[in-house]
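Since the structure comes first, as structure tokens, the remarks are kept for the end.
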Amino acid sequence: MALLEVDNIRAGYGDGPDILKGLSMEIEQGKTYCIIGPNGAGKSTLLRAICGLLHPREGNVTFKGEVLNKLRTDEILRRGISFVPQDRCLFPDMSVKENLRMGGYILRNRKELEDRIEEVLVMFPILEKCGSQQAKTLSGGQQQMLAIGRALVLRPEVIMLDEPSLGLAPKIAQYIFDIIAQLKDAGMTIILVEQNARKGLECADWGCVLDLGYNRFEGPANTILNDPRIQELYLGRQKQDRQEKTA
Amino acid sequence: MSDTLVSNEVKPIRTTESLKKPSRRQKIFLAVLLMLLVSYPLLQFVVGGLNYWLHMLLFTFMYIAMASSWNIIGGYAGYTSLGHNVFFAVGGYFAGVLLVYFDISPFLTAPLAGLVSMALGLLVGLISLRTRGPAFIISTIAMVMLVKITFDNWDYIGGTNGMTMPPLLDISLDLVKFPFYYYMLFIAIGAVYMSYRIRHSKFGLGLRAISQDEIKAEVAGIPTSYYKILAFGISGLFVGMAGGIWGYYLTYLKPNIFLLIILAAQLVLMTVLGGKGTVAGPVVGAVLFIAVNEFFVANLGFTELNIVATGLILALVLIFFPSGIVGTLKERGKLPPFLDWD
Amino acid sequence: MNEFVQVLLFGLTLGGVYALMASGLTLVFGVMRIVNLAHAIFMILAAYIAYFAFTIYNIDPIISIFITMPVMFFVGIAVYWLFFARIKGTARTGELTVLLTFALALMAEGLLGYFFSNVYRSANPPYATQALHFGPYILSAGQFYATLMSISLIALLWAFLKYSRIGYAIRATMQNISAAQVVGVNVERMSMVAFGIGMALAGASGSMMSFLFTFYPGKHWEWIAILLALIVLGGMGSLGGALAGAFILAISSALVGHYFGFTWSPITFFLALFIILLFRPQGLFGKKMEA
């Protein structure tokens, strides 16, 4: 049985139309998954449905055998799934340390929380340096680091990242992908949604292509990366470019 | 940005309401109604003693005009004004001053009073409608307070004691309400017609877009600030006119009677109850409100409970029928054609 | 010069109380993004409680906060549960909710008027009419104590928000509601708690009001208009802004009242509102509004 199973879910926002129309996916422990697809395909919606910000209208989200559908976000966080939303989603007037503290909001034990914050700061020395700076004053890359660090405070088993490289300069984005690689090496299960499909697939084991609310293609990341149809449809490569790029 | 559906608050896509032309039946209904209303006072010569009803009717016409006007900013544009009675007061005092000091009849100056109110609306709107959000509501409340304090302290217009005005002396008691009746009817027709025309115009469409999602409206190219300010100004026009006539009708003006928040509250209630954002809604709401209010005042008469009732009904409508009578009927497809003017 | 300083001190000793009143209002706005037009009538409700506690049981109005605050906290929770919990989650809640608070204010005003009539009331503990002397200047004892208490309460509020777990959650919800949800904050519950706290602050304000001003149910419109002007000036949702706005306007209105006549002093608030909307609509400490 897979660690996390998404079984034919339908989901949408408020009274609005279905965005996910019958999506299924299996997430195995320790692997890194990259989800790509055009705008409106439901990539963010999928992540939100998994971590409880949205409840599926039909179908099940199962984690270690337990159905997550009706659970609140804090209950899902407690079970070991963390989420790094798009656009960092930080608390702008709180300091780096306070943001990390909020990451551990569901932890009641003060000491445990402090220890976890320490761990994250050790992992991201840059954050240690700007410890008492307000989050809104950080650079894009630092903010993304903080967002990831915040999710790590809970020592999750599964971490989901929604477009972590968005809006970052290529060098900084690369740094973020390096961090993701580190997490991968540490054995974490990672679900990555990326517009920068190439980079995302490069650091993943498995790729899923979402379109119009369905999981259209999936397979080993390498295969997806090199498949010509997908390259044309989603990776934006024209037929002519291919010769140059493979050089 | 990536996904088009970014926030959790996607509003359901409403099917495009066809802005249909009124049917033949509707036109006949309207013509008959107007004929009845115009000829009603003539019954005075036949039956006599109808002054109470003439009063109630002209009072209703006035509120129909005010509710329909409020609807333009509060219903179409979605910006709640809690100080609309300021326009009423300003119009009333403007016409009143011209009568008391310059002997010009409010019947002549009422349209001017309306324009003055409109100017005030444009001015205030220019300051407070530049931002989205609650600043506007707050500024309408502040507007009432500002005007009230100014009028209270302004000796030229009588301060807190107000001004008394010369009544129409040389008309018999039987006929004295006639000019007011017809004038208010005229104002009501004007306001409702204006509301109808706005609803069926590009301007009205723009306002509705603003009320649904202002950012998207702006992105779509609608000049939101300009439209909002214009809507607020226009919403003061007929209210100011009505105020000019009403002061003359009452034969006195006092800040206290015009500038109480309860009047603004009643206006909001009427429109929300009837259905804000529709043409017929404010009319229905005004008629219903006045009828029920008369009934309660006649039988119970407690002013405090009156206030409680206003609040309670407003709360119930907001929680259970936010689209009001006309709106809810429309959503359920049960709106009778004579109420469907959208 | 002496005269000027005297008026200044008068304003200063009122500023704290205004700040206390405004703090509850701005807190609720910051968390729930709604303008609670019923805030002032609840202050007056608390004033009645304090007034009767004083006249019947001889409880000092300032001490009465130990009654009014908890009572109003629970009133707040009840009101939230009855009215606001229901309409959350529908689109366009903003306008609707403000109108709902408007309706609530009307109901409360009517009920208070019905039960207590519109008689002007004011509690008069001994210090309400005493004066304190600081050199050549005279301070109203009542105002002075009230402002001290108000500032203490605001400091407590600030500490609570800064250091307690719930305080963190409330601040998080105020700063970025989506992020708060992501880290597991129950934003619904936080809204309810924040509303309760806002009402508790209104309760304390009411206790102060009971002896500082004459009150009657209908007066709340004046008060809410003033408080709204205060928080717009300071920046809606900002507690520091509420404090700043309160002191600035208290002093300004005292000056206006002194040099132009007391009937003109309330106008300061409303003129200030329009001026700030003209030049800096987000207020002194506020952020640009999102729709």
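Quick notes on this structure:
To keep things simple, chains are lettered A, B and C as they appear, and every chain counts its residues starting from 1.
Here, contacts are C-beta pairs under 8 Å (C-beta built on N, C-alpha and C of every residue); 3 or more make two chains touch, one makes a residue touch a chain.
As the structure is a prediction and not an experimental result, all values here were calculated from the model.
With centres defined by CA atoms alone, the chain at the far end from subunit C is A. Centrality by C-alpha centroid: the chain sitting nearest the overall protein C-alpha mean is C. Centroids of subunit A and subunit C (each the mean of its C-alpha atoms) stand 43 Å apart. Each chain gets one centre point, the mean of its Cα atoms, and the points for subunit B and subunit C are 32 Å apart. Averaging Cα coordinates per chain places subunit A and subunit B 52 Å apart.
Residue positions of subunit A touching 2 or more other chains, listed in rising order: 14-15, 53.
Touching of two or more other chains is recorded for residues 91, 178 of subunit C.
Listed for subunit B are residues 8-9, 11-12, each touching two or more other chains. Within the complex, the subunit C residues that touch subunit A are 89, 91, 165, 168-169, 171-172, 175-176, 178-186.
Chain contact summary for the complex, subunit B toward subunit C: residues 8-9, 11-12, 78-80, 82, 124, 127-128, 130-135, 137-139, 141-146, 149-150, 152-153, 212-215, 261-262, 265, 268, 272, 302-312, 314-315, 318-319, 322. By the touch criterion stated above, subunit C contacts subunit B in their complex at residues 29, 34-35, 37, 83, 86-87, 90-92, 94-96, 98-100, 102-111, 113-114, 178, 217, 221-222, 224-225, 228-229, 232, 236, 261, 263-264, 266-267, 269-271, 273-274, 277-278, 281-282, 289-291.
Residues 14-15, 51, 53, 72-74, 77-78, 83, 85, 89-94, 98, 101-103, 105-106, 150 of subunit A are the ones touching subunit C in the complex.
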